[in-house]
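Before anything else, here is the set of structures, which you'll find just below.
Each of the next two complexes has chain A plus one other chain: chain B in the first, chain C in the second.
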Partner chain A sequence: MAAVGRVAGGARVSRPRRRTGLLLALPAILIFVLLFLAPLGTLVANSFRTQTGAFTLGNYARFLGDPFYRDVLWNTLRVAALTTAGCLLIGYPFALYLRGRSARVRNWLALLLLSPLLISMVIRAYGWLVVLGPQGPVAAVIRWFGLTPPQMLYNDTAVLIGMVHVMLAYMVLPLMGSLDRIDPTLVPAAKGLGASGWTCFWRITLPLSAPGMLAGAMIVFSLTASSFVTPAILGGPKVKLMPYFVYTQATATLDWPYAAAIGFVLVVVTTGLLLGYSRLLRRGRGEVVFA
Partner chain B sequence: MTATTPAGTQPRRGRLRLDGVRKVLGGKEVVSAVDLETEPGEFLTLLGPSGCGKTTTLNMIAGHLTADGGLIEVDGRDITAIPPHRRSMGMVFQSYALFPHMTVADNVAFGLRMRKAGAAERRRRVADVLETVGLDGMAGRHPRQLSGGQQQRAALARALVIQPDLLLLDEPFSNLDAQLRVRLRDEVAALQRRIGTTAILVTHDQEEALAVSDRIAVMAGGVIHQLGRPQEVYLRPATDFVAQFIGEVNALDGVATGGGSCEVAGQRVRATPVGDPPAEGARARVYVRPEVVRVGAGTDTEGEGLRGTVRQTRFLGSRIRCVVATSAGEVTAALPYDARVPREGEEVTCSWRPSDASLAARG
Partner chain C sequence: MTRLTRVLGGAFATLVGLFLIAPVAVTVASSLTATPYVTFPPQGITLRWYAEVFAKPEFLSSFALSAGVALAAAAVSAVVGLAGGLAIHRHRFPGRAALEATLSGAFAVPTIVLGIGLLQWFAQMGLASSPVTLLLAHLVLTVPYAVRLVLAGLAGLDRSAEKAAAGLGAPPFLVFWHVTLPAVRGGLVGGAFFAFITSFDDLTVALFVVTTDLQTLPVRIFNYMQYDYDPTVTAIGTLMVLFAVVAVVVIERFVGVARLFGADTEERS
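Let's look at the complex of A and B:
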């Protein structure tokens, strides 16, 4: 039976084999449907209800009509974009450095890169509270230079520092994969045709690592836009981000439908931005990015 | 050992000279004191097994590796320390190294862009070279939309369009299937002779080397064992390695008797000395290819040749293989299909033209 598929040049897969393939994917599909799609459906449904359960568009009208919440949305996207940019600026040179190192060096540095993820988010954020706090080492160094340390906590900068620290690995890992897939003879070929090292980077390495940049940026952007713990601890109530307001609406105000609407707006806007971004890059390259 | 350049052509650029070039990689000397000089327009092949230093030598010529010693010159200009992007080498890589995010036209135009050629000139020269390699109409395709042979042509076009001092070919045919390989290597050789750019080919395929080269440098262990025309290298190998690496060989041990003569198991044979002839009385070795051995009836040798008894004859299609047991050991002859086939057990004499065999000193 298995031969049936192979006779057709491997283009078609026989039915028993297709069934086996589905079986292999089943656990992942189940988890995705039960733990993501179903709750998302509930969330969307709730967001169109009043507190008493009647259908309404009021939650969205309230969100979109309120300049305060529009500002929160804008700030959330801004922090996510800045975190992404920060990770890219710090992560790309690091990924370039890792390319061509020995396996030993790569393994150690990759472990170092992943180490922030091994510590609980709360502990890590409290660590930054100490480091950036008025009695912390950074403030001490600034004072040693005879200057007055600025407020480094409970603002966007503190959130950015904390987020870049966590997110860096999500940027570097796809970048490393993307850089590794570049044929190592392309740069010598370009050099032989007269390209300087800098030109080789701009014309060969950078465009060919676009898939890794795109993947890394999408992961970092969406995780940052929806992150709660780190911004809550390092930013406090002054840094207004969407997940924080979902939390307060759900736990303090107990307005679950409105919390659902805020959450869903974030999902839609983030997804829309990522889709547009990926299409933009794809058109620029004239080829499939995730290949 | 003069190079054969195509007749009727004016003097050209592209004279490469290597003088004592060395390279150490990972604590091991992979190229030791390589000397080499090409004629302009020559097709020279570095032939050898993997790890013999041929690719390392090519990469030093291209500038991707820096020589640890010695001198590399092109047309009398010392380029040993010049970085690759300031040399003028057209290189075709084994993987072709086409830029996957660019069209064929953009790949080919890359070198022209780096040389700040204007858009109109770029278009014209790209179109010209694509026609030369037979890729007209493919300009807008991406490399992944091309077959292996087409990718190879695109890589060749990209290397040629910059009108390089040297065309460097790093195993460019090894990723093609057998038929296409033969066709493309003949095409490339014909194109090279037409354009007249000096070409350096690196290959481990001896047939390929014999078929396309003006001269072959046979390399092993980081040194050149022999440099000569294909016929020389094939018929008159200088060392055991060259003899064994390129085809089958009869190696007969004897004592030199002066000039091109050698006494093998009490019988006199003649061959052409490679380099200085071994001194009279010195231990020597004669290399004879099976194709040049004639098997004559009877043992009337007129004082030359090796007498023996036919042990085995086998019809192999294009040739008849005949093994003769002589007092100097077995001698294998590959006779043409229309030769007189000796019977097994017959008394015969093996002989050859002295110019078709080599005589070398034996350590």
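Let's look at the complex of A and C:
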């Protein structure tokens, strides 16, 4: 080492620098090889094994052949799509509103928006259990009107409310980014030429904020399809979602190979959809850039 | 028209704000209820459920475990993130492209899949679950953030400042200490903060890695919730909210919360 260190100038300088680089990166490399690639490799390998260790394609055949599990997969994608739509419906007007405010108001509202992410996921979901529960404020309001409150927990709607709550920030932040990048003189110019407020929105604001919208939708969809905590607490076993079945197969049924297969299907389906989606976008409009 | 849209906009933003704070506000309020079940609005006022939390040693030991692992995850992530960020930004070394690819790949893999992968891999290696395996499992979640935030800090650093310092005779260590480190300080603090929050909050991975004797706070709460519906959980929740508020105030002082999440809320244009 010392011999290399003494060499100065010329192309050989790169050798100690390469070594420093590798040395600096080594902890990160070790973490990823031993704690990311190896576990995922184990998972994929196990998904092709029977419980006794022999090679099989049976886990995948079982998943694809069972209408129950096909239903679970379909429902997972459906809930993810609905959550994305919900975030867009609430998040877009909210981002538009934020755009016109002073820096102070924006900061406060951004903090409010991010607050769900800073508070423990378990506690947040528990809070919704109370809000939507039989002793909660929503039920109290319904009773005040003289009606019987319906069961609001352990169904798709409860999961949807909880998920939109968690995911809203992931939609609004990229939206704010792309709304801010719109040239502020465009709308006044169009208005000066006689365009109405609606026309300005449809022809200028909406198309120019599309990149943020699409980026937000992509993040929300993939995070929702793979989230476990909120759906498990608010939906329970009644709401059939893939991550929940990965968990029960691994910890209750103790069928590790099958749990591995379900997990791997989840990865393949979500990344496949996202890759297809981003390719479609790139083909559709040359310059969609993800924020 | 502008006046009407302003009023409507304000009303809408208020509703969204209410929606955002509803679960936390309701949790905090109902932690004071005198009833043996959770209800909102709370009936009567008592601090009994807080006493209940501190009377349960399993919650305290879970808190200690969670906080310890989270602190360790924050420290290790900051160091590994700084080293890794510097390596990627400044050096060419074998495996650099692969490391970068894995960094972004780590974000795309669902946590639940990582959790079950770690469970099976640790079992195969014969590693029994301990605070160390928990820390190792959390590092996979936290190090990518740390590296990314350090890289963002380095990208904003003008290298001529380092060259100037070196040219004026500063030894490499002083250049690093006085020029490089201040540039990545925000990223480092942010990375450590993120690591702490992620580790402290994680339920998904921990569920797979823990045993009944070794439960982090989220796992403990999750299991408790399955059987008990008394207001103890709301009291713990309130304490955790207070904890988060303190953390946010501290971090807002140092870096700005919105910036941590990659948002430019103010200084644009």
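Throughout what follows, the second predicted complex is superposed on the first by the 243 of 291 C-alpha atoms of A that agree within 3 Å, B and C clash if a C-alpha of one lies under 4 Å from a C-alpha of the other, contacts with A are read in each partner's own complex, and residues count from 1 in each chain.
As a working rule, a contact is a pair of C-beta atoms (placed from the backbone, for glycine too) under 8 Å apart; a residue touches a chain by one contact, two chains touch by 3 or more.
The model shown is predicted, which means the values in this text are computed figures rather than measured ones.
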item	value
Touched partner set for A:Ser196, first chain B, second chain C, both or neither	first
Touched partner set for A:Pro207, first chain B, second chain C, both or neither	first
First, second, both or neither for A:Leu266, with chain B first and chain C second	second
Touched partner set for A:Arg106, first chain B, second chain C, both or neither	second
Partner chain in contact with A:Gly216 - chain B first, chain C second, else both or neither	neither
Superposed model, chain A: greater residue contact from chain B or chain C	C
First (chain B), second (chain C), both or neither touched by A:Pro188	first
Chain B and chain C footprints on chain A, overlapping residues	none
Touching residues (chain side chain C, partner chain A) in the complex	1, 9, 12-13, 16-17, 19-24, 26-27, 30, 37-41, 79-81, 83-84, 86-88, 90-96, 99, 102-103, 105-106, 108-114, 116-121, 124, 136-137, 139-140, 143, 147, 197, 200-201, 203-204, 207-208, 217-218, 221-222, 225, 233-234, 236-237, 240-241, 244, 247-248, 252, 257-258, 261-266, 268-269
Chain A contact footprint on chain B (complex, rising order)	62-64, 83-87, 89-91, 93-95, 97, 99-101, 110-111, 114-115, 142, 158, 162
Footprint of chain B on chain A - complex, ascending	183, 185-186, 188-196, 199, 203-204, 207-208, 285-287
Of chain A, residues touching chain C in the complex	14, 17-22, 24-29, 31-32, 35-40, 42-43, 46, 90, 93-94, 96-98, 100, 103, 106-107, 109-131, 133, 135-137, 140, 165, 168-169, 173, 176-177, 180, 184, 197, 222, 225-229, 233, 243, 246-247, 250-251, 256, 259-260, 263-264, 266-267, 270-271, 274
